[in-house]
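In what follows, subunit A forms one complex with subunit B and a second complex with subunit C.
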Partner chain A sequence: MVTRNGWLALAAVGAMMAGAADAQTLRIGLSSEPSAIDPHYHNLGPNNAMRKHIFEGLIGQDENQRLKPELAVSWQALDDTTWEFRLREGVVFHDGSAFTAADVIWTLCRIPNVQDSPSSFTIYTRSIVAAEAKDPYTLILRTAKPHPLLPVEMSLIGIIPAPADAEDLAYDPEGCDYADWPSTEDFNSGKLAIGTGPYKLEEFVKGDRLVLVRNEDYWGEKAAWERVIFRPITSAAPRVAALLAGDVDLIDNPPVQDLPRLKADPDIEVVSGLSNRVIYLHFDHFQEPTPGVQGTGGKNPFKDRRVREAVSKAINRAAIVERIMGGLAVPASQLVPPGMFGYNPELQVEPYDPERAKELLAEAGYPEGFELVLGTPNDRYINDEKIAQAVAQMLTRIGIRTTVDASTKSVFFRRRNNYEFSFYMAGWGSGTGEASSPLRALVATQDKAKGFGGTNRGRYSNPELDRLLEQALSTVDDAKREALLQEAMAIAMRDYAILPLHYEMTSWAFRKGISYTPRMDQYTLATGVRPAP
Partner chain B sequence: MLAYLIRRAMQAAVAVLVMAVLVFLGVYAVGDPVDILISPEADLAEIEEARRRLGLDRPLIEQFGIFLANALRGDLGRSFVHNEPALRLILERLPATLELAVAAMAIAILLGIPLGMLAGLRHDRPSGKAIMAGSILGFSLPNFWQGLMLIMLFAVILGWLPAGGRGETVPLFGVEVSFLTLNGLQHLLLPAVNLAIFKTALVIRLTRAGTREVMLQDYVKFARAKGLSERRVVLVHMLKNILIPVVTVLGLEFGSVVAFAVVTETVFAWPGMGKLLIDSILNLDRPVVVAYLMLIVLVFILVNFLVDVLYTLLDPRVRLAERHG
Partner chain C sequence: MSGLSVEARAESPLRRLVAEFVDSPSAVAGAVVLVLILAAALFAPWITPQNPYDLAQLDILDGNLPPGSAGLSGLTYWLGTDDQGRDMLSAILYGLRISLAVGAGSTLIALVVGSALGLAAAYYGGRFEGLVMRIVDLQLSFPAILVALILLAILGRGVDKVLIALVTVQWAYYARTVRGAALVEGAKEYVEAARCLALPDRRILFRHLLPNCLPPVIVVATVQVANAIALEATLSFLGVGVPITEPSLGLLIANGYEYLLSGQYWISFFPGVALVVTIVAINLVGDRLRDVLNPRLQR
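This part shows the complex of A and B:
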């Protein structure tokens, strides 16, 4: 038995611990952990977010994913295939060496030479056919064809310092002439975790913590925190508990159902912001008969535009946002959210009109509807399975008797990629911050050589859209390109190629006394956390 | 004896091999890791390229053959996710899990045995009944719920202890341990208690049953009749005889605590092996899952093997059976 005094003593120790939290240390609870510190190993959200603290790109992205100068002070297209980047002078890496164009060339050389990369960054570098340093602070990049996305792609790559024996390495798109490429393990151990960023890596203990310290020699505005400790707390309830207990100062992705409680807590604040992720429904436009449809005599009803329109009109997007997402989403009219490059302001959110939907079904020859299976992951997007259930009920109301087939993401994505669904729900976040990203991946005709249709698992195909998209992707003039993308978006939406449901909002919860600026790319960055004024 | 050992070693090898085949096929059947690991921005060519880099484009038989050939040389493959040897990833996490398991078992023994004896000695009094009722709760409340309640009470409401993580660690013989610092101990306490609750209930029940049985034995009556103090009767004569079954069960339980502390580690964000296993399963990180389960099979086989050997030493009947069989 612990005596009364014993309890008091324990309480005193606890109080001391709580007070011991250093005002200059920021502790963040993360819902997903980066798989490596190596900035070129794994092209995925958690890694790219962590990369931004340690390794900077030539170009940065602000909270709204607009490009801003980082290691390059300016850039311009000299002609359709030649780009000039003026590099920032006086920048040093964490090891004290100076940053020059040679480091950029080294980085471009290294990216295709990462061993066993599960998701390579070569998708951002392969358009480059030549890279030359005109002088140490002027870099020329050439592409084979006009490639307007080059600046965006340069914002997605972290620059690492060239070793002494690679200062004069020449860029070769077929593979640079070098033997001893740095290994991912050396980055994780901290040996090569050397960038120019506002924070330096102190320690990376997988599964436990990742500690950053302020870079006192940073070229820009100094970081607000001396030390930042990231702790992976992948389960939602313990993450919220850690915040409530004062173990961490900020958490990402608090569960939607806990938000009212967190908001009511006088010591906790919550911010939410629109993300770049759209949740969509995709049809099978290709197979006949299609696997998840019954009662149509073997026909694939989704080849008929009227059926697709009926499905769209049957869905009450506002109700989903309000009742299932707790208001933390915005009904979607297209594949990118407002404000993003290529957003078409003329497109409207599909009005909810079940009567017209029934008429359309009858016109298409399905007055009695049909049976349908809707595939969805149940652990990938916010409330994904609940949304799918709601959609299924709404479709059943107009006569398309829908059942939901929900599975964990590893199973769902395999089945989807094997074309096992006639109708599935998924999400798309535009990493590049441009409408070309979802258009190229989700609705462009599958074409390995062009890199089109990578996630078009409904195999939609529309030559007119392909032509516009291809034209946009080779138009360097921003205004013209945006117009082309808007037109392509309108074609996809008016053909009901794919049905956007809503844009997710991302939330962060933190203790009173600090503030966080929400980011469209959903990244949790220590550089965005500030002591409240 | 030698023939017995060799036979057991062969059985162990077969069990490990069967396990490897099952897990390999199982993870393969669930899905393709590239579908999860790859950036959504990647196009079809890059997806194929990633599959080739990770060796997933080859036929399953070939993949398994390569794995087996490497495993025989002691190389269980590299994690798809972390690009580090799977075995090293697991062994890095082992100390954290062992520390947690040892702490939990210590709590279970230090609380369970005295409480169990008390419940046995006072089985018809309120205190004995209260202990038994408590042990039923310990058995039946779900582990993760207990964990969350502990966090809510001690970390959120009272604010005495941290809600999760491992806290400060210091190296001891080259291994990072947390029980030597105050901060580390505070982090260790809640997860250890969470993991210990079920085991404590188990020990209480075993000890109580043993106590009640032993209490009626002639040698206890004789000790009492001899005029020995109650203290000596209970702590020497009774305790020793109760301990035999308790120790056997605890030995086996320890193996399962090490292998499957998954729930506690997840709830308390404890960076142990169980959490690694769960994360690896979710990411279909096949090398890590296969290596982990093979390692665990090996541990269990080893424990069973040691128990068998101990039996042959302790129990002459087993040895005799061997000689004639």
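This part shows the complex of A and C:
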């Protein structure tokens, strides 16, 4: 029994705790925390989001992933393979040293020299064959071949300050001449967590908290918060509970199931925005027989375009969006969402037509259907396991008796990369903000040297698509490049190489009194959180 | 009917046990509920309106309907539907089948394996006994849920794998119980007599020792069935048990758990009630059995 005095005491403690969180501190509950502070260690969403607070790039990306000047005030292609960046003057790092072109060259040199990087940033630097400082505030970058994505790639790299003995280091694509590269541990401890960004790192305790403080010497608009505390709360229910209890001011990825309740709460606001991530189904286009398919006499049914079309027509995308995603997704017609560079407006969302799907199956020689295993992660995408079950349900209705093989993401991706699935579900977020990213990764023929097909684990191959994509990737003219990407997208979609299901929407929930602008890249940035006017 | 035969039958041990069992109203109530649950689970395919494991019978457009709603197919969902459009009533009855089958099946296998090892350990002694009993000690020093989680993480999902995991965590209880009982029995004269007659080991083990070790084992088993069902539900709730397209009670509860905050209580609530009622019924029966089978408690 709690006595009346007990209740009073509890109320008093509660009031004191509420008072402790002053108006200048922002507390954010994150669904996934960065694996390191080192901006070049791991090319991963949470890391890249955190990087933007501390380390800036030459170029930035706004909420809709359009490029905007950051440490470079302007950039232009002098010719097809030469780019000139005019750097911002008067910018200082958190340690007080001035930002110049030498720091950019140092950064480009350091990226290939990160120890044990699980996912390296070299994919953004390997096109660069030469980097020179014409003067401290003019940087020239050269590529071997025309490379229109260079500005995009420069927006994905955080700049770190060059040490005193590396001010004159020359860029060499084969490896710069330097011995003592900075270690990831020194970034995580805070010793080298020195950038030009609006926030400075105060403390990083992995699994517990990450604390940032305002950079009072920031070159641009000063940050709105004196301190920002990020707390990783990976389970959805405790994250929501933390927001409701007032322990945090903002959370990312509130579960779809809880949104009606959060929206009904007068003290909580929810915003949602379209993301750059498409959820797709990929077929095995290669193995015969293919794992998980039975009742086809050893044949791989997905080599037949009619079967792929039947599968696509059997899926009721609108029902998935409405029922499973609670309306917080948009049915997909292709691999990038509307508004993104390379989106093809002529492509339509596949209409739901189970009758035609059955006809197509019969035409392809499977009037009785077959048995299929659908692979899916169960903790990677919003409601991934439920979506897979719904897809299995819909396919079973047209005669493809489908079971779902769901596993945790690390297990799923390892098995997928070993080609253990004939049919799997996954997602792709276009980090570059344009269509060449999913096309290159998901449907281009596997080719390590070219960096093609890295995630094409169905091993789809279409020479016409490869040709268009290669052409697009070496066309600097934006209008021409977009037309090429749209054509390549149309080829992949009309061949049912891969089936887009929907574009995820990302949600943020926060207490009344602050605001957040949804970001297409799904990043949760303290710089985007503002006290409501 | 002569009075003599009634008396003779009343003296048979089984008759006496039944009479003592029905003395307790709560145990009888538990037994009745248990029989009803068993019947419902056994005849589920004939009495449920829908086969929840046949994906072709589910319609996602019927998902998350509250109890009593009518679906697109005209079916009335008396206990509502889950997010995949499964009729909760059908899903609960089918889920009970899995829970009971896994609980009873794993208990039976663990009983056989554990008893055999415990009996052999007690009878042969020496190094063999040391080895078996140290494994038992080692196993019992870890929480069952931890061992089961590790096993399933390695083995993967599936009813057969849950069965393996549950047998692995349970056999040690039986081995220890049987060894204790067999050591006591083994020191008695009738076993000595049997040895002097040079009867084969097999005969002494199974005809003399085993029957006399059974009462405590049966008591342990009734308690363990309920534990096994709860453990299976826990494992499925944590997402490492049965496959998602064939949910047991624990997985149904886990699926509905996400919707609790938004007021769609029925997805978790009804499977939870079914699970609790089942376990309570088994425990009531088990407790009474323990009382009537324990010679020390006899009045």
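Criterion: the second predicted complex is superposed on the first by the 529 of 533 C-alpha atoms of A that agree within 3 Å, B and C clash if a C-alpha of one lies under 4 Å from a C-alpha of the other, contacts with A are read in each partner's own complex, and residues count from 1 in each chain.
Just so it is clear, contacts are C-beta pairs under 8 Å (C-beta built on N, C-alpha and C of every residue); 3 or more make two chains touch, one makes a residue touch a chain.
In this text the structure is predicted, and so the values were computed from the model without any measurement.
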item	value
Clash-or-fit label for the pair subunit B, subunit C on subunit A	fit
Partner chain in contact with A:A237 - subunit B first, subunit C second, else both or neither	both
Partner chain(s) touched by A:Q393 [first = subunit B, second = subunit C, both, neither]	second
Partner chain(s) touched by A:V205 [first = subunit B, second = subunit C, both, neither]	first
Broader residue contact with subunit A after superposition on the shared chain, subunit B or subunit C	B
Spatial angle subunit C-subunit A-subunit B, Cα centroids [nearest 10 degrees]	40
First (subunit B), second (subunit C), both or neither touched by A:S117	first
Partner chain(s) touched by A:F413 [first = subunit B, second = subunit C, both, neither]	first
Which superposed partner A:P255 touches (first subunit B, second subunit C, both, neither)	second
After superposition on chain A, the shortest CA separation from subunit B to subunit C (Å)	7
On subunit A, the residue positions that both subunit B and subunit C contact, one per complex	237
Complex interface listing, subunit B residues touching subunit A	30-50, 53-54, 78, 80-84, 89, 92-93, 96, 148, 151-152, 155-156, 158-166, 183, 186, 266-269, 271, 275-276, 279, 282-284
For the subunit A and subunit C complex, residues of the former touching the latter	236-237, 240, 255, 257-261, 316, 319-320, 323-324, 378, 385-386, 389-390, 392-394, 396-397, 401-404, 406-407
Sites on subunit A touched by subunit B in the complex	10-11, 13-15, 17-18, 35-36, 38, 41-44, 115-120, 122-123, 184-185, 188, 205-209, 231-235, 237-238, 241-242, 244-247, 408-411, 413-414, 417, 428-429, 431-432, 437, 440-441, 446, 448-449, 451-455
Subunit A partner contacts - residues on subunit C that touch it in the complex	54-56, 58-61, 63-64, 83-85, 156-157, 239, 243-245, 257-259, 261-263
